[in-house]
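Inspection log for the structure reproduced underneath, given as structure tokens.
Each chain gets a letter, A, B, C, D and E, in the order it is written, and its residues are counted from 1.
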Amino acid sequence: MALFVGLIVVWQLAVSLLNIREYLLPSPMAVLRAFIEPETQWWPHLWVTTLEIIGAFVLAGGVGVALGVAIAWSPRLASALVPFLVLVNTLPKVAVAPLFLLWLGYGIVPNMLIGALIGFFPVVINTAVGLSQVDPEMLDLGRVFSAPKWKIFAKIRLPNALPYILSALKITATSAVVGAIVGEFVASQKGLGYVIITTQSSMNTPLAFGALVWVSIVGLALYGAVVAIARWAAPWAEATQ
Amino acid sequence: MTYAADSGPVEALSGIDLKVGRGEFVSLVGPSGCGKSTLLRIIAGLRPATRGSVRVAGRPVTRPIADVGMVFQAPILLKWRSILDNVLLPAELAGKDAGRYRDRAQHLLQTVGLGEFAAKLPRELSGGMQQRASLCRALLLDPPLLLMDEPFGALDAMTRDEMNLELLRIWGETGNAARKTVLFVTHSISEAVFLSDRIVVMTPRPGRIAAVRTVDLPRPRTVEVRASAAFGQLSLEIFRTLTGS
Amino acid sequence: QPLEKFTFALNWFAVGDHAAYWVALEKGYYKAKGLDVVLENSKGSGDSIAKVDSGRADAGLADAAVVIASIARGTTIKDVGMVFDKTPLNFFSAKSAPITKPKDLEGKTAAAPPGDSQRQIFPAFAKLHGIDASKVSWVNVEPAAKIAALAEKRVDTVGDYNTGLPLYEKAMGAGNVVMLSWADFGFDMYSMSIMASDKTMKERGKALKAFLEASYMGWRDVMADPKAALAILKKRVPEVDLSVIEPNMMIGLSLMKTERYAKNGIGWIDEKKMCDSVDLVNTYMGLPKKVDCKATFTTEFFTKVDMPAAR
Amino acid sequence: MALFVGLIVVWQLAVSLLNIREYLLPSPMAVLRAFIEPETQWWPHLWVTTLEIIGAFVLAGGVGVALGVAIAWSPRLASALVPFLVLVNTLPKVAVAPLFLLWLGYGIVPNMLIGALIGFFPVVINTAVGLSQVDPEMLDLGRVFSAPKWKIFAKIRLPNALPYILSALKITATSAVVGAIVGEFVASQKGLGYVIITTQSSMNTPLAFGALVWVSIVGLALYGAVVAIARWAAPWAEATQ
Amino acid sequence: MTYAADSGPVEALSGIDLKVGRGEFVSLVGPSGCGKSTLLRIIAGLRPATRGSVRVAGRPVTRPIADVGMVFQAPILLKWRSILDNVLLPAELAGKDAGRYRDRAQHLLQTVGLGEFAAKLPRELSGGMQQRASLCRALLLDPPLLLMDEPFGALDAMTRDEMNLELLRIWGETGNAARKTVLFVTHSISEAVFLSDRIVVMTPRPGRIAAVRTVDLPRPRTVEVRASAAFGQLSLEIFRTLTGS
């Protein structure tokens, strides 16, 4: 908290003292003014973006865990899937924007998908690694009770991997935010990303930063929610934060 | 059985030839590191033997066998499950309705003195308590074959004696139900003598069978049996075989 | 005598609009005037303006509307030369659902990156033709996705410089693209221009003037021999595809071969047209304060370079 | 491998059968032609981008681990740093990259920084979580030998967290690739991102895809290197892939 | 000492009042779960006592104390280090030059029969071997105070007897070096009698001190001492105190 206030003070001072132009980096005061300016209708944008973020997060989490399980399940599946996933993940999403537009069109759902595409990879990798980080004795335990492989996955490997998965979900929470915004950059009619890109290109930077403040608030809220859920879902995996 | 490792192979077992009858209680004693745990794992089908073969109930063992209860040397409890849920694990893993086993699990915990601890997490239990919980887990499905790797190693003498009697009861010493087959690793010679029909004495690594002794003490085994001269004599003999003196 | 370094911020990645600067570089026009010119790509006018205003570049290319708006937001830059004399502002549509007159736009969905002037100035265009601006629904698209948006019929029209026609035709097929050029409908406003910072103007006026003259000489050569210019562009930026960049450049040239340029020289800024443009921006772009036309441009650094006779 | 070949076949068929226009998605054949076309000088671009990627990766890894350690070190530091880092990470980099480049100038180093900024977060979170996922008995072990806190970190917590850190580095390897390219999109005179954006603006899509192929190759190579190094650095943490 | 847990508090120890002299060898025996491990942890300063206080060498214990060698109930070896490096860990943690301790570590491993296993990883060792390795670790820095939680629980009788003798030697039974102070948890009454100056017998949870017995058998303790009548008598008495019979 103190750090935050300090940061804002430094920001304000830097802007004042270094005489930085407002269109480049507006002062916190200017951002605040733009932020609370009643003329701006934040709610519709906030609503759309929040929906996209949550959708992206849920999709990335679900698909990521499924792919991580698939990879940990069979080395053959892994050697087939991993290079493909790495490839998909190294592809700069903005560069394939025309393809998105072609296949998905624009709107909330396509932006969810773009967000998910940007955020799913950490979940895949952490899930796969987490599933492999199991004490061999625990696997023996499962095998000796003649559990089928999938049951060992479900009852031993998966809960054991939960700290990994939860860690990845924290990462993905923030990626989903970036992803939804990037999706809106690619094509959109509403949303905070739409506001950012629109205001930025008319050099109304204070308003763009106002939208960025909203983005941060949504991001922090989602992150906080994931941390809280993680603590509730896996109290034994006491994390420090 | 030879373990391959980066730091060079370790021959753990060599030339083991052992036949255990149905319903027999056989103990394995031998120096630390002679391959007792390895042998139990091979029998359970958890490790492939480098050479030779194992048959259980007539079928060659190539993968983990069914209907076996195993107590590992370490408790290996799942830290995210309560003690009760840990004990119920075999039912869940075997695809049985865990709900139907709750009472039995609770009862088993009671038997080993952990009735009040059913809802606790493993890390809230002492070493000996964890070991007892893992014993309950092995017994949950009432398996006909028990492989037990020092199940009472972390227990005090008194609790251990109680557990020994309880184990004999479960094995089927009294009553006319079919007896279980038990392979029991222990470091306590008197425990081995007290419990077993036969005792297998192993040599240091690589483990070989030094001797197999039949324990012809009367059953049911009681405190009196333990105090008998025959008991002391047998224990001494086993000790001598073990120490090679 | 050592060369003086001069950084010029282009407004985009290599396209035909930039041919002249590469030609001037290749032919040593800058060097002859004692300049060591570096051409830098940017991602749109806002980006190039920021570079110039902050001193990262000495001068740059930007859309005049954005230049004017930026002055209202505190930049200290001015237009010092014009590139396109006729406005390139335009709407593209598909032949199967053509938009041939402004009225057709009502009820349609239009896509454009928000920074593009078509988007920013549209209310003025709408007002001029008495159409209801609120009946056009805008979609923000990444510049790279503009063409796909129209070609794949995700939108009815795309606002884009008419110089982009060959790119759209490449995607949609020659003859399948319909243009609605604002210039053809009585809308006259400056667009692509050369701007420089106060600092450059004050401290390096001579260099700026030299740069502009050399650049206009570049344009002159492009007009005189487009094929040679394209060859130079291809040599300097091998990644471009000449089959589309050639017609793209040719349309650009057609926006420059005007009476005004013929009379005053390439790059001339007409005060009336500039002030009209400022008025439009002041009226329609929701700026925090009105901009004075005088503050937006200067012809102080202009050197007349004659345009080759139209062939 | 088979999957790859299959994928390419599907791609070729899709392009032929669905009659997808080349400017949107060129056929593998067209990409191959553009790729091997001798006119294109790949090496300088490849070299610049590879440098940026490696720099971004090393920076993200180093700074990420340091921040992760800081967060796990003290709850106070964590509660001050985490929201700030989440904020930095939810900020869409494309939106602030121009600002960034304005301060740092253009060239290889700023693009490394952008890449690192995009890729550091998974390392922070996984490191912090990994450091907290230590068996309390191991900590007792350290404390009973009167080790100072930093030694317990260095000798017990950190090696114990290695599977987490290595997992994050795999993720970051791919993010560094995207990051470097995004940096090049904003400003560059060289590099694969430069090629992509330049060719895209003249609709030379096959060449753009040729550059994307290089991006994937670099990405896969870096990912493979990280996997190999992980295996070598932590053979006890046998991962499945 | 009361453990707070979600599932309710557990009172582990209650009213413990015990003074151990410098150079004394004291054993703790008591039923499983009575708080022996908890007591050692409190003494080491690893857990705060809910009530009361502990002083070691005259100073009140408020945080982990220095110059103590601890053998935990579980081996707790770092799985990424070779056995040798695990044994060397205390030197590294205490900021000493580990290189100078290599020979000593290797020698200690030799003493417990793990000389050939120095380069192996913990998971390549049997349960008993791991326990011996953790003993070496505790001894590396030759600490004046040893807290040992069932250090020989996983060993066979013969190895255990050897280890007992070795421990007495290390403790300083023979020679005129200053004796170490040892607090030794065991489940084996005969082990306790064989090793100790005094034996503390504890009651079931919450652990209280049921009795403290002085072992006045002659030192050095030998096989003969173990066979003596006094030894048997004492063992029986302790057993009786323990079982409350």
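As a convention for this text, a residue touches a chain if its C-beta (ideal position, glycine included) is under 8 Å from a C-beta of that chain, and two chains touch if they have at least 3 such contacts.
To keep track of the chains, here are their UniProt names: A, D = ABC transporter permease; B, E = ABC transporter ATP-binding protein.
All figures in this text were calculated on a predicted structure; none of them were measured in a lab.
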> So which chains count as neighbours of both subunit B and subunit C?
Replying inline: A
>> Just the number, please: Cα centre separation of subunit C and subunit E in whole Å.
In response: 84
> Taking each chain's centre as the mean of its CA atoms, how far is subunit A (ABC transporter permease) from subunit D (ABC transporter permease) in angstrom?
Replying inline: 15
> How far is the middle of subunit A (ABC transporter permease) from the middle of subunit B, if each middle is the mean of its Cα atoms, in Å?
Replying inline: 50
> Between subunit B and subunit D (ABC transporter permease), what's the gap in Å when you average each chain's C-alpha atoms?
Replying inline: 50
> In subunit C, which residues are in touch with two or more of the other chains?
Replying inline: 46, 50, 54, 144, 147-148, 152
>> Give me the residue numbers in subunit B that touch at least two other chains, ranges are fine.
In response: 74, 121
>> Touching at least two other chains at once: which residues of subunit D (ABC transporter permease) meet that condition?
In response: 24, 102, 185, 197, 200, 237
> According to the definition of touch, which chains form touching pairs?
Replying inline: A-B, A-C, A-D, B-E, C-D, D-E
> What residues on subunit C touch subunit A (ABC transporter permease), complex-wise?
Replying inline: 44, 46, 49-50, 53-54, 66, 69-70, 73-75, 111, 113-115, 120, 137-142, 144-145, 147-149, 152, 154, 285-286
> Residues of subunit E touching subunit B in their complex?
Replying inline: 3, 5, 7, 10, 29-33, 35-38, 73-74, 113, 119-121, 124-129, 132, 150, 153-160, 187-189, 239, 242-243
> subunit D (ABC transporter permease) touches which residues of subunit C in the complex?
Replying inline: 12-15, 40-43, 46-47, 50-51, 54, 56, 143-144, 147-148, 151-152, 167, 170-171, 237-241, 244-245, 248
> Which residues of subunit A (ABC transporter permease) touch subunit C in the complex?
Replying inline: 21-24, 94-95, 97-102, 105-106, 184-189, 194, 197-198, 200-205
>> Taking the touch rule as given, give the residues of subunit D (ABC transporter permease) at its contact with subunit A (ABC transporter permease) in the complex, in rising order.
In response: 1-4, 7, 24-25, 71-72, 75, 78-84, 86-87, 89-96, 99, 102, 121-122, 125-126, 128-133, 163-164, 166-168, 170-171, 174-175, 177-178, 181-182, 185, 193, 196-197, 200, 208, 212, 215-216, 218-220, 223, 237-241
